[in-house]
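As written, the chains take the letters A, B, C, D, E and F, and residue 1 is the first residue of each chain.
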Amino acid sequence: MRPASRSVQQIRPVTITRHFTKHAEGSVLITLGETRVLCTASVETGVPRFLKGQGQGWITAEYSMLPRATHKRNTREAVKGKQNGRTLEIQRLIARSLRAAVDLIKLREYTITLDCDVLQADGGTRTASITGACVALADALTNMQQKGQLTTNPMKGFVAAISVGIVASETVCDLEYIEDLAAATDMNVVMMENGRIIEVQGTAETEYFSQKELNALLTLARGGIERLIQAQQASLLLDKLSSFRGG
Amino acid sequence: MRPASRSVQQIRPVTITRHFTKHAEGSVLITLGETRVLCTASVETGVPRFLKGQGQGWITAEYSMLPRATHKRNTREAVKGKQNGRTLEIQRLIARSLRAAVDLIKLREYTITLDCDVLQADGGTRTASITGACVALADALTNMQQKGQLTTNPMKGFVAAISVGIVASETVCDLEYIEDLAAATDMNVVMMENGRIIEVQGTAETEYFSQKELNALLTLARGGIERLIQAQQASLLLDKLSSFRGG
Amino acid sequence: MRPASRSVQQIRPVTITRHFTKHAEGSVLITLGETRVLCTASVETGVPRFLKGQGQGWITAEYSMLPRATHKRNTREAVKGKQNGRTLEIQRLIARSLRAAVDLIKLREYTITLDCDVLQADGGTRTASITGACVALADALTNMQQKGQLTTNPMKGFVAAISVGIVASETVCDLEYIEDLAAATDMNVVMMENGRIIEVQGTAETEYFSQKELNALLTLARGGIERLIQAQQASLLLDKLSSFRGG
Amino acid sequence: MRPASRSVQQIRPVTITRHFTKHAEGSVLITLGETRVLCTASVETGVPRFLKGQGQGWITAEYSMLPRATHKRNTREAVKGKQNGRTLEIQRLIARSLRAAVDLIKLREYTITLDCDVLQADGGTRTASITGACVALADALTNMQQKGQLTTNPMKGFVAAISVGIVASETVCDLEYIEDLAAATDMNVVMMENGRIIEVQGTAETEYFSQKELNALLTLARGGIERLIQAQQASLLLDKLSSFRGG
Amino acid sequence: MRPASRSVQQIRPVTITRHFTKHAEGSVLITLGETRVLCTASVETGVPRFLKGQGQGWITAEYSMLPRATHKRNTREAVKGKQNGRTLEIQRLIARSLRAAVDLIKLREYTITLDCDVLQADGGTRTASITGACVALADALTNMQQKGQLTTNPMKGFVAAISVGIVASETVCDLEYIEDLAAATDMNVVMMENGRIIEVQGTAETEYFSQKELNALLTLARGGIERLIQAQQASLLLDKLSSFRGG
Amino acid sequence: MRPASRSVQQIRPVTITRHFTKHAEGSVLITLGETRVLCTASVETGVPRFLKGQGQGWITAEYSMLPRATHKRNTREAVKGKQNGRTLEIQRLIARSLRAAVDLIKLREYTITLDCDVLQADGGTRTASITGACVALADALTNMQQKGQLTTNPMKGFVAAISVGIVASETVCDLEYIEDLAAATDMNVVMMENGRIIEVQGTAETEYFSQKELNALLTLARGGIERLIQAQQASLLLDKLSSFRGG
């Protein structure tokens, strides 16, 4: 039996709160069970040096956990003087995933930075970051169109991500922290709303896995991601409705 | 006229939400107008090397702003590889102020780290951090007593802090960001609940100030701090009431 | 047509030279086409702090490219003062993959560091590192048994890795640099000699991929990895033969 | 009784030696009792990026203690790889204080760096740095006028600073090291020659203080600063006299 | 008796393999007994800031040992986050020595970086680096002439270097590691092919030395360097012959 | 003609002021013409890890230039976050030279750190540092004997150092800054008081040098060093005399 009597394919309750902070062009608090991540999208004019003059934009990401987002306090990376390997790996994944959702030519020479700061961690922080950052990014792109910085919307579709794994010989979707600790295999999947794959990262933690198991995990992930994309769409719709009503 | 028609001695609306995140021994979200700071208190066994074997505890603090807590995005300090001077100055102030509220002998050989992470900035982040961290600290100390780590409460009383300043030739209490920008003189005051002073830091920004003006500012600060200490006390009381009712 | 008229499932010529340098307990030069990596295994007594007293060993890895292993010279990481995200990501992958090949309890309280230094890069450096490091590790473990540091061999089997991808709408095995540049999808696969999976990392570079394509890539990878494991086995056999002949 | 039988309002003997080293545009050795600080002012063309094109200059400061300026040797900050919080806090204070003494528009697009290097420490190093740096700055500004870099003198007046505190229940002026260790309250005051305040930083070390005590400390500080400003004026006068006599 | 029955003036077997890796403009593997260093020369357009617009080029060097080039594994400098003093001292020596071999005006506004990476260490790594880098530099300069980047060859002649020392009261040439450990005096000498001196660095390790001993060491060094310069010339000749034969 | 009409073998006026600062066990200000270096010797109990339990002491050195010791201001190394190659090279030389003057077994398990901080630079700062540090070291060792930390004096004799060079085709002793700039060859020599050599570092700056020239430079250096050792001896004698007279 999973915690909170979840079925193997059931994801935790998800909420997506937009405009969570006021300065960023996009600002989203995503909660997935007890995991909470603040995702902001910041627009800056210009692109990194290696893209200068190529008529395209760029999307980058930074990820961090507040020191006490976890059971035990972690040393602050600004104090240690560097970001650790796990952090760099995660923020590279977030940036790659969201770049896949955008037509960088249509973004013109702008850079959007996605900051994903984990306020509370209970498993799945990197995938929740991707799912939340996608909505923050959508808001920032809408904002750029409203300001006249962009003429067309560069977004190709929604992107969402979920973790899946094999726990106690069963394939389960959306692992929380205590499941993650016990997982024999652990896989993160990023997909477009059309069901095509952006990224798959599967790791044998304590037992090797077969191609068949990998396929079972992918199928589970697909279901979870569909549910997340509905939540993304609903959050944006809500806003349009409230605009419509003059809210 | 001040923004939101505030009178010169009036502070912005304050809310103190306890148990904002679940892992820390104390976790408080303080909002002061549009300024929002998440303050956590983390308890660790043992003390820094310079205090080993002296039969006392230690309180330290770390302060950070999320990159997009501000109008323009700031570079993340973990990426730059060091904390800047402003950050270090602020976290030294927070730690000094809270240490003044605690009997370190009674704390025994424990270290409490106060993490103040600014989610949204609109002036007064350092003083809001002190006021919020005081409640998180109080919760952590209660928690330590409940666990039997401490036999008596080391807290000497509440500590709160406010910024005051001279804006357009008037002394005003609790400056928000646009007032801060325009201030001729800027002062941060930290006080105990009994009205005695822990720290005063006054700086001439564009005009020197007189001893008389300094005294006028201190009097204003005293009023604002009294209001904040009421909010601290109310937040703790609420909890006791709800415990009482079984909430 | 692929470079050098390779078929889609054909890997580049592979050579595995053992005892390439003399100080390390295991030292292997692996060449895969024009990619050349020097992999050494160094044995040290003791384990990292987080494993002290748990009666098990540890395997870690470090990866680096010589500044002029590539077409354009890269800045040396020791000069920049930090390892970049790509480097950290790769060395975490190498270490995870090789730990999966070893029974850490049987390793007792020893740490083995696998250093993978790329002398010349032409695509597939991270997977060649894993394949080469596996042989260096095997040599180091044999050496430890000969010295009496270990009583049983902790190795569970050979591990090898290959990159596969979709280039010009075709799935191909073992991408060299110019193919890598053109790949729509890129996937690294790490497997045990028994065909079970240790790690899969697939990334959409310019086009999303389907679950069917992912399966086609995995099948291609399996073939390439079988060929690499034969090369690993042959390299070790050669040594046993030459020992046998007194060489 | 204070060390060396000083009265509570009496400062230690002060000497201000100008032209202490030959390369800097201003170079002053200030001694205050046993505290000795070498203060140099260096003029550079141009301003920091955030001020470019705004038609004004900038004044910045750096502070350091030689490793053996103190009773026990301190690790050199260049070896640790960063300046600590105390150092950054002090150099921010020095820079703010001296900027307050100068009309930055009249300074045109020049940057003056004030280096305060403590050769020997016996309490009050930050305030002695401000007092000494003011004379070095005055010399550098005179030098700039002589070279034709400036047409008018940007200096608004002399700035000096002193530490005051409550030791053994008495308010005393200009604390030396053993008094500093024993102080219940410690306050640094920076004033213009006209008696108006630039900065006040008061900290309760072991006991909270009252507004009345704060006022008593300010009054003591005012007396000490007057004495320091006389010493500054005398040091500059001496030079004019000796120029007059052809010395 | 020296190891391998070498006479006191005899250097170890030397091999110089050109074109060892394919991307660099010059790439040489030098082996001197068991010491092996990979030396590459990389050409970049432009010069460091301090030379801009002065119509000359620049030559710089970087030196590193692979972690397991030595008996015990050394921590990787990229992991420690800085190059140590020995590394910086050696790479400054290599760069100075090779700059002495080149007419920097004739090099025009190009920068050549010499990377010397020690694959295996057995004494004399810094001098082997200079000797090998000289051939890599020669190849890079020839390559630049072939590409039309240079019209004349800026090379003034060959440069080579050797270590000499006093071991067991005897002056010996080309110390290997176990001799180095036992040396009373240790000296590195860099010479031009015409026998004139570029650099001498002699250090008393356990016993002071006399001017007479220094002269004896220099004479020994001269002999060793002559032998190295023959090897450099032979390696280049070989290539010309093979070009001639169409190889 | 040399500056100040010095003859080629004449060194600049030298003064050695002991007890220049009060906290260090040895504290010397050495001036050599316009070059001024503050050298302190600090005694600490214990030795670095690599010497633990070997029954011997250690001597180490740190070197720094104040930012405005030079014509143009240099960036402070603590601000850059690392010591540069020149600094590390010099402090390694100072430490090696002084270790050669001391019997480390007699020093027992103490570490002496020699801090050489250049207050004003005019050529020859590294050699002046060695000469001054030797006197500071002698004072610290005497102090240790007086405190009973040592029973015998570990000092083997005085050490001094001088720079020599070839300027305008003439060999000259003790180069000042403008001579250093113009030197074709530059050599630093460290000797014991008995005339034996501790270190020789000769570098061709713009012209290669011959063995004959090297010998001429060594002879010049010997004369300069004799003069410096007299100054060292005189400075210590003075102190004994004044102690004798009760000064």
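Please note the rule applied: a residue touches a chain if its C-beta (ideal position, glycine included) is under 8 Å from a C-beta of that chain, and two chains touch if they have at least 3 such contacts.
Each chain and its UniProt protein: A, B, C, D, E, F = Ribonuclease PH.
Here the structure is a predicted model, which means the values were calculated and not measured.
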| Touching both chain B and chain E (chains) | none
| Fewest touch steps from chain A to chain E? | 2
| remark: Across the interface between the identical copies chain D and chain F, with over half of residue numbers shared counting as same and under half as different, the residues used are same
| query | Can you name the chain that lies farthest from chain D, using the mean of each chain's Cα atoms as its centre? | reply | C
| query | Measuring from the mean C-alpha position of chain A to the mean C-alpha position of chain D, what distance in angstrom results? | reply | 51
| Counting in whole Å, what is the centre-to-centre distance of chain A and chain C, each centre being its mean C-alpha position? | 30
| query | On chain F, where are the residues touching two or more other chains? | reply | 81-82
| Think of each chain as a node with edges to the chains it touches; is that a line, ring, star, complete or other? | ring
| query | Ring order from chain A, via chain B next? | reply | A, B, D, F, E, C
| note | The chain A residues in contact with chain B across the complex are 21-24, 27, 34, 36, 38, 40, 42, 44, 62, 64, 66-71, 73, 76-83, 87, 113, 115, 117, 119-120
| remark: chain A contacts chain C in the complex at 82, 84-86, 88-89, 91-92, 96, 100, 192, 194, 196-204, 208-211, 214-215, 218
